[in-house]
Structures are given as structure tokens and as C-alpha cells.
Amino acid sequence: MSDYFIEFAGQKYPTDVQGFLKNRLSWSADLGRHMASLDHVVLTDEHWEIIHYFREYYEDYNIPPPMRMVMRVFKKAFGEENANSRYLLQLFPEGATKAASKFGGLPKPKNCK
Amino acid sequence: MRFNLLITGGLYNSQAGYSALAFAKATIAAGHQISQVFFYQDGVTLGSRLSMPLDDEFEPVAAWAEFAAQNTLALVICVSAGERRGIMSDAQAAEFAKGLGSLHANFSVAGLGALHNASLESDRTVTFK
Amino acid sequence: MSTLFTIHSSWYDTTWLFEQLGFASEGDSIVLLQDGVLALRSPITLGSFLAKCSAHNIDVFALADDLNLRGITSQYEEVGLLSIAGFVDLVVRHDKQVAW
Amino acid sequence: MSARKLLYIVSRAPYSNAVGQEALDAALIGASFEQDVSLLFLHDGVFQLVINQGSDGSGLKEFTKAYRALEDFGIDKVFCHDLSLAARGLTNNDLMRDVTTLTGEQLKSLVASSARVFTF
């Protein structure tokens, strides 16, 4: 059992020390919103677009999507002019891969880069 | 010539640490340079400061640490391979709330990018498994 | 571009390398080291493998220190005994190494 | 500098060790350096690609799913050794993704033409 957890709606959700969920299947959108609020982030539609993409990609491949692919999705959803890494960094100041994984209930991405 | 060494064999399941050290010494003796020694897969266990062989046994970690100090050599442990196997610096251990780290002071931690940088910049990459 | 193949593990784990694959090309070299030197005492003769290597101009070596450590003497004249300094020279003489 | 040919060879089966996961990690980094990456499955390594892997998701992670996404990460040269497949009673139909099968002779030239070879 994990030493760390998030308490939400009367339930305890085990996490790692940095607040990433141990069991991605226990995730819900409400929990994701709560996790973001703990990091002082209010999730907008744009955030959700990215988070859902991360979740679907991870479900298919057990790995976070490469940034190139994230950009492609972003471009499609919000137009060429908004789809740049600067804009993505405004949405997710901690880095899109790390934050989208976290709020989407996915494990912490490897830092072997 | 610039050599980049990659060690993937573990502390006690392979002779890799011993062979690579002999090779590294011969490389320097022949007038070549070693750009970096990268430890990956089970090889990261060679960076454990907590390894304590019997007094009359070969001490791979201490031998590497001493050789690196004498030749100002970079000994680099792969961060993710190390974290999987419990070889991490004090800073990493603190980040994970695990108390003190297990990494020997003469080793450092970096990502697989460091292996690729060194490999692409060196004349030879030599792997010991 | 020539390649230096190094075989680090026992013959019993790497028979497939010797049997299945003609992995080396003309001008390449093969070095047996660590448990790789056990191949020199394998019950199955290395003769045909060595004859093939010789026909393709592929040199085969074994690291002398690792033979001595294990109390093994080579029964094959075709296998050159290599000091660690000689090993370094071989690495220099080939463009890259492939470790098995 | 033009991209160099980096070859990553996996010759061990998945799950009893971290070899496949760590070979994959290395190959993905090689590709992120915009090098010309090839991934070759050889000997027991061909078991990495067998279709329908995985338990109920509670135990060992099915990291091999990522092999179906290699192109997204810039790796589009994925090879299997033909005899390694045949020796294990496997054909391309048993694999989770498209691969190019190589004969021993083709494998030899792949190794010969690579600038760096990382074996796992």
C-alpha cells in the first residue's frame, strides 16, 4: 500500500509522493479536476482535450504520446496559430507530458530524456 | 581516439564491471581518451555506495570510483534504470521521500540522452555485458 | 566498415550465434571474453565455425586473462590469444563493436 | 551533421527481465536525437512482438504495447530475423505489428551498414 494518497469525495486514492495516481483505473474526471486544483490549475476545455488525448493514447500503447503528436492534436482542435509549445506551456506550466499525465490519472512519465 | 564505454552487466551477475575497468585502464595507458562511462540496465548497480564485499574480494564500486578520481572520468548512471533498481543520489531519494540515496559520490546521474551524446561524439562505443 | 564482434556469455547461451547467423563479414573480427571463452572447451567442435571464419577472412581471438582465470587452455591454433592492450588495439582497428 | 544509422537489437523475450523495456527506452531516445534508428528482433527477442500479450492489467505492465506506436516516435524501421521466427513456429500473422523480415544475409548488411549497434 502506498504511503501517500489523495482524499476526495470520501475516498482515499493511493498516489506516489508527487501525487500521481497509483491506479489509473480509479481515475474519474472529477478526481482529475480535484488533482489539478491541488496544483492550483483550473482545467479548461483545452486542458481536457489534451488530457483525454493522453488517456486514450496511454490506453492504446502504455506510453505517453510524443510531443509531436500532442501538437498535431492541438493544432486540429484549436487552430494553427495557437498550436505552439509556448501556448502549451501556458496551459501546463509544469510541462504538458508531466501535468496531462498527472491530471489524467496516468503514471509519472520517465525522466530518462 | 575518444572512447565511450557502456556497461550493462550487473555488480554480481556479470564480469562486465571488472572487464570494462581493465579495458578502461588499458585505453588510458595506450594514450586514448575516455569521454564517459555510462552504466545502464543492471550495470547501474556498480554505482552503489552500499556494496560491501568481503575484505579479500575485488571491490568493483571502489575500484571504479578510484580509477575515475585518478583520471577525472565521468561515471554516469542512467536515471530511470537506477531508480528501478534503487540506485539514486541523495537528491533523488529526497524527491521520492526515501531518505538517503545509495549512489557513490564519484558517480553522477543522467538520462539516456547522455549515452547518445557521448556515443555520437566519440570515435568508439564499447559495450560490456 | 569493419565490425568487432565480442561474445561475453557462455557458448551454451550463444550457440545460436555461431550456428544460425553468418553475422560477420570479410575483414571483421570476433573476440571471446568473459564467459565467451568457455566456447574453447565446448563439447561440440568449433572447428567448422573457425574454418568458415578463416575462409571469410574473419579473425577470431580470445582474451588471455579470461582464459587463465578459468583454467582454460585453447585447443585451437586458429584462435589468437589477446592481451587487454591488444583488445584496445582491435577496437581501434574496427569501426564499431557489437557485443553479444 | 547528417543522421547516423543506429541499430538496436533485442534478443531476449519479455517479462522475465527489463531488457525489452530498456531497449525500447534507448531506441526512443536515439530516435528523439533525430538519428536513423532501426530496431531488430532476433533470437528470443521475436517473442516481444507476439500478439495478445497481457494479463488483467494488475500485474506486470504490458510495455510491449508501445511497439505498435514506434512510428509516432520516429522509428519506422522494424525488423525480425526470419529464422528466429521460424525456429519458434511464428509467422508475421502472430505479431502485433508489421515488421520487415530479414534473412541472415540481409541482417549481416544491416549490422555492417550501422554506425552504432546497441545489443539488448
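For clarity, chains are labelled A, B, C and D in written order, and residue numbers in each chain start from 1.
In the analysis below, contacts are C-beta pairs under 8 Å (C-beta built on N, C-alpha and C of every residue); 3 or more make two chains touch, one makes a residue touch a chain.
On a predicted model such as this, the values are computed, not experimentally measured, just so you know.
Between C-D and A-B, more C-beta contact pairs are found at C-D.
Note: centroid distance chain B to chain C, computed from Cα atoms, is 26 Å. As a whole-number value, the distance joining the C-alpha centres of chain A and chain B reads 34 Å. Annotation for chain C: residues 96-97, 99-100 touch two or more other chains. In chain D, 25, 29, 32, 116, 119 are the positions where the chain touches two or more neighbouring chains simultaneously.
Counting partners per residue, chain A has 110, 112-113 as the residues that reach two or more other chains.
A complete list of chain pairs in contact reads A-B, A-D, B-C, B-D, C-D. On chain B, the positions that touch chain A within their shared complex are 78-81, 95-97, 111-113. For chain C in complex with chain D, the residues that touch the partner chain are 1, 3, 16, 20-25, 95-100.
Residue ranges of chain B in contact with chain C, taken from their complex: 1, 3, 9, 14-16, 19, 22-23, 25-27, 29-30, 32, 124-129.
Within the complex formed with chain A, the chain D residues making contact are 25, 29, 32, 57, 61-63, 65-66, 68-69, 72-74.
Interface of chain D with chain B (complex): residues 4, 18-19, 22, 25-26, 29-30, 32-33, 35, 116, 118-120.
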